[in-house]
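Letters A, B, C and D mark the chains in the order given here, with residues in each chain numbered from 1 onward.
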Amino acid sequence: MSQELSVFMQQLFNALTISGVYALVALGITVIFGLTGIVKFSIGELLTLGAFLTFAFWEGGTTFFLAVPLAAIAVGGFSLLLERGAFRFTLDQPINGFIVSLGLILVLQNLIIEIWGVGFKAPIRPFTQVWEVGGVSMPVQRWFVVWVAVVIIGLLFMVLRYTKYGRAMRACAEDRDAAALMGIPVALVIAGTFALGGALAATAGGLLASLFAIQPFLGSQYLLKGFAVALVGGLGNVEGAVIAAVLVGLTETMGSGYLATEWRDAYTFGLLIAILLVRPRGLFPARGRLQETLQ
Amino acid sequence: MVAVLTIEGLAKSFAGVRALDGVDVEVHEGEILGLVGPNGSGKTTLFNCVTGFVRPTAGTVLWKGRNITQLAPDQIARLGVVRTFQQKMVFPRATVRENVEMAWRGKRGGDTGQQFKSCDDLLDFLGLAHLKDRLATDIPFGSARNLGLGLALAANPRLLLLDEPAGGLNQDEGQELADLISKIKELGITVWVIEHDMPFIMSLCERIIVLHVGKRIAEGRPAEVANDPNVISVFLGEKFAKDSAT
Amino acid sequence: MIKRLRVWWIVGVLLTALLVGAACTSDDDVDDDGEDATATSAPTNGEAATATPFTGTILTPEDVLRKDGTATKEVEIEWGWMFELSGPPQIQIFATVTGDGVLFAVQEINDAGGFQIGDTIYTIKLLEHDTESDPNKTIGITRQLIVDDEVNVIWGPASFGEAEATVITQAEQVLHLCACQDRGLTSLSSVEKAAGESHWAFQTLPLVSRFFLQGALNVKEDHPEYERVAIICIDSEIGRSICELYEESYSAAGFEIVGVKVFPPGTSDYTPLLTNLKQQNPDILLNFDDPTAQLNILGQALDMNVASSYNTSLPPDIVQAAFGDRLEGKEVTAGGIPRQATVPTSEAAAAYFERYAEFSGGELPLASFVSLLSYDFVYMLVAAMQQAGTVEDTTAIADALETIHYAGAAEDDIYFNEQHFSVIGSDGCIVRFEQPIECSHDAPVRD
Amino acid sequence: MVAVSRSFAGTLLRQYPPADILTIRLPLAILLALPLLAPMLLPSTRLLSLAITAAIFLIVANGLHIVFGYTGQLSLAHTTLWGVGAYTAALLAIHYGWPTAALIPAAGISAAIAAVAIGIPAFRTAGFSFAIITFAFAEILRTVAINWRDLTNGGAGLMLRTPPTSIGPIEFETIRHLDNFYYLTLAFAYLSLAGVFLIRQSRLGRTFIAIRENESLARSLGINVYLHKLIAFGLSGFFAGVAGVFLLYNNQKIEPGPLSPFSAFFTIQFLLMILIGGRFSMLGPTIGAVIAVFAPEVIRPLIGLTPLGDLSTARIQIIFGSTLVLTVLFAPNGVAGQAKERYGALAAALQKFRERQGGAAPPGAAAGG
């Protein structure tokens, strides 16, 4: 391979890993939005919580491969509690749900600081090998993250498409009242979706804990990127979120790799503005009554 | 009779589904025109196209000879074509009087000849004067419906498009509304009304247009339309469909 | 002498500045410092020629605390103390420890019965304030300390609102000691420019540019085969300045700078930049950001095999724990000023850390070595007051403080240079695969 | 001042007709006049400094209120506009030596222009898309402030070399004689309050609220929604820009760091102020700004007395966040909304009592304006 090509492949690989993480966060945001119209900003903090729980389980002797699902389940359950305790009262006023999530950012972030302190935690590295192929360094850990993300996204598609829950969820997203008339337990579906969104974010967090050093303020950065991805893909659109995650990951990586790095955030947000101006509801707008009234 | 609003070959598709399919309508100055049709026949879409909320796929809308097809809703409204909505018809977190003030265009647009001297004048006309300091969310449904109508009137219309104004009203309230609409007509405002309630529209309108799956299937005086075999089959069909569904 | 890369670091306190974006400065300042360093630092070991070598006495803690029994009065004086006890963790950790150094020293002085000037024994009361890392609150606290409490000494803050506070203290001629940022990069210089002088401000943090050149020269000596240097810094005022200092210092030492990258704050994935830099085949990778970022940069650079030698300001034990066998065939220089708490390189420092651990309830707090950036200076200020014979005349005290030399825990001979920068040395350690951490101390490069 | 407070009372009277003049006008007038006595009442310079901060925040919050509270548009670029005002003032003061009296309108106008420039593309979208586009612009502006080093001096920011000491004939100083600076800031805080009040009373304000309440309906009634959103955004930018001058004077510097107007922290902080204060009330942002600045001062020592003892910032933040969540769930209209409801209930009870006494309705009861 020529050097240019191998560098390009390296950057492609770099973009892939980060896209996987963005996709998971964006999916968490998008499923909740698609169903309830609530933009749940506190999902960034659920990501941080997932990362720290993974770390805590791992420190307690659990293997990393078990720690991540455990953290995801725990955060999913926690997210369910939040929905029952707070968000369900805001379903008719999505902006209030958004504000509740802002308040929860403060609560969760500082709860994490109270429990784990303000310091950082070094990354957990179940795989330390690095594959070298044609001048491209590919840490196995990164491949692992990519594949886990791909598998989870695949599973999510299957669940949404082929299971009863998935169909119920899509029906609720399309028209909540009609779904209720058809006998779908709307409240249960919404609660379940909050759990799912939380679990997705926590998984992203757990995976991040294996790539990077984590600290209590980890969430905001990924929240913003995840949110940008969800918007570019079309809020509420699951397929769109995945495609947009790759797009944003590529923009960021190639922008940093080939252009002036300090303007990286300007590239991402410039892309976001450009896309939303041409297509105000994202590249792949979600259908459904809710989306039409909200956007 | 002068046609103030002329609709020619209006068509609109949503994701391949034809909601309107080449509709022609003339609205004459000073009349009360009815628009009826079963659910999903495209009535509200037609209103949306006329008032600029939805861009038609084909066709033109002429207001007093001027092509308004591509204009924005607010531009159309300022020309005197004002509509009401079936739902969310008022500004909820404002008092009744503030609602009217928000919509008030009396002091502008000289030649259109505002029929009401002031907001209070209009509230009296609507019979809402006693509620004027209440928040719009707090007033009874029937009053809110009247207020919705009042907002449109405050915007100084020449043509008023009413989208199912009698929906959800009981018979007495319906009668009051019909009286109010007649009074509006007497002010020199042309009215075009969508309605589901046949007795209501039969008694109110001079002329009726019937839509079915995006096409105009009948037009004429209420009595003529009521006896049109096409119309009967469409409405009976819908009735049967409804019965079997429940 | 231990073979190691001596790339000196202003650890935490400089790091804190990243988030603040530092204070007003112009590029000239940085250039000046760079040239300064080049001009005054001979490529010998540490000691550069000085215009006026110091020949007087170096005071000790005992000198400061000595009482002759003639005192007849006891007076408690009040000093202002404001640090970022809460707020962003990167600031809070270092600010708390810096503030701790002052608290600890004051407690020691009071426990020893205070200090004597003439016929009076003075004890010190610190008026403690949490600035909450909020510049607005820092301004309010500074105003209150000066106007309401009428203090003439203020310690802190470490970073947030430091420039704003300095403007006020200097206008009011209040002694202001802060372990702020590099003099060339901070408010102090901008205050000087604005108000003509900042006579009453003293910076307890030594000049970083001196270390850089010395470090670069040592690397060249230890590893003549290394030629190419890549640099990666955070996009903030401090970050950019550090990058420039690196460039100047390593160019001056005969290295070729093959790539410089600046990244936005909040980055975790550095692989795109590292990929780019790796194309240039660097031997050495220098970086600058907060500890979390350094851990990420180091880990990803090791994965990608960007260079043979890396530097970090992380404590060496953390580096060893975090990277272990990934260090095979590589070396990481880890360092900080003034003394590594994990491997103290002098008896005075070791004794200090023992006492300090006791003071903090048995265990050394995170980044405890940063407390040495304030601890010794409390004694020095007291010495200056004794020399000036006053606790009130701030100009006389400032004049005295300019001449004090002191043997403390951080260094055997600490003093403030003409620009009111503290002059102390630093520790550097080297972490290698399956070898014990080696640390040693370097005396400061003198003016 | 009197006229303003009287009109406030008038508005409240109109909304709650059975109100007694004495029970509403007097307390309101006292409340509004209270800040005038702050230099005498506040026990320390630190608290007076906080009062200055509160006054600056209040101007910013009132600006945000026009676009978020009145027009219902969730702008996440508002505090950035505050920063734009401060940068404009700093550049004009440092390079051209403009006096304060000229800086204030210049900063306001430049921030308003920036707002309109952002608004022209951003208002092509609505809802959360609008919010995130404004956020994206804010991030880009922050990146520019850090990286356009020739203009902005990069991350170090701009510093006033000689602190300002007068505006026209009024002299002020920010160190030893804070009173005058406080009154100057307070005057502009009152002006901003009068501004939001006058806007609310005008046709323009009613149009903004119509847009917030029901955008489609507003359009159907002939309101040019896009134009009015731009006007609201521009006005809010003007307020923020003016506040930028006071921020610059108080801090004597402006930089794009993490606790500067360019930070997401402040963006959220100001939204919270308005929400806690009451997003549907004219006094909401004022109440919110005062609470945001002074509540920690009250809460900390109070909690210090309880078994919880000395609270870490983390715990304070947890309490603050929980309060916000509970506010939204149980009092979505904020403090001002709650107060109005309570007062409305009280006034109604009073009215009933009077009617039973056989008295006629008190004056003002039928005073519709």
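Operating definition for what follows: a contact is a pair of C-beta atoms (placed from the backbone, for glycine too) under 8 Å apart; a residue touches a chain by one contact, two chains touch by 3 or more.
Since the model is a prediction, treat every value here as computed from it, not as a measurement.
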Give me the set of chains touching chain A intersected with the set touching chain D.
C
Can you tell me which chain lies farthest from chain C, using the average of the Cα atoms as each chain's centre?
B
Quick one: report the Å distance separating chain C from chain D, using the average Cα coordinate of each chain.
40
Round to the nearest whole Å and give the separation of the Cα centres of chain B and chain C.
75
Multi-chain contacts in chain D: which residues touch at least two other chains?
143, 146-147, 312-314
Could you list which residues of chain B touch at least two other chains?
none
By the touch definition above, chain A meets two or more other chains at residues 113, 220, 262, 265
If two chains touch, include that pair; go through all of them.
A-C, A-D, B-D, C-D
State the interface residues of chain D toward chain B in the complex, per the touch definition above.
14-15, 17, 203, 206-207, 209-210, 213-214, 216-225, 280, 368
The answer for chain C against chain D in the complex is residues 19-26, 85-88, 130, 132-137, 139-141, 143-144, 146-148, 160, 163-164, 167-168, 171-172, 185, 187, 190, 193-194, 235-240, 264-265
Residue ranges of chain B in contact with chain D within the complex:
51, 53, 72-75, 77-78, 82-85, 88-95, 97-98, 101-103, 105, 120, 132-133, 151-152, 154-156
Residue numbers on chain D that touch chain C, as the complex places them
44-50, 53, 143, 146-147, 153-163, 175-176, 178, 250-253, 255-260, 312-314
Inside the complex, what are the residues of chain C that reach chain A?
88-90, 92-93, 235, 261-264, 266-269, 271-273, 275-276, 279, 291-292, 295-296, 299, 303-305, 318, 321-322, 325-326, 366
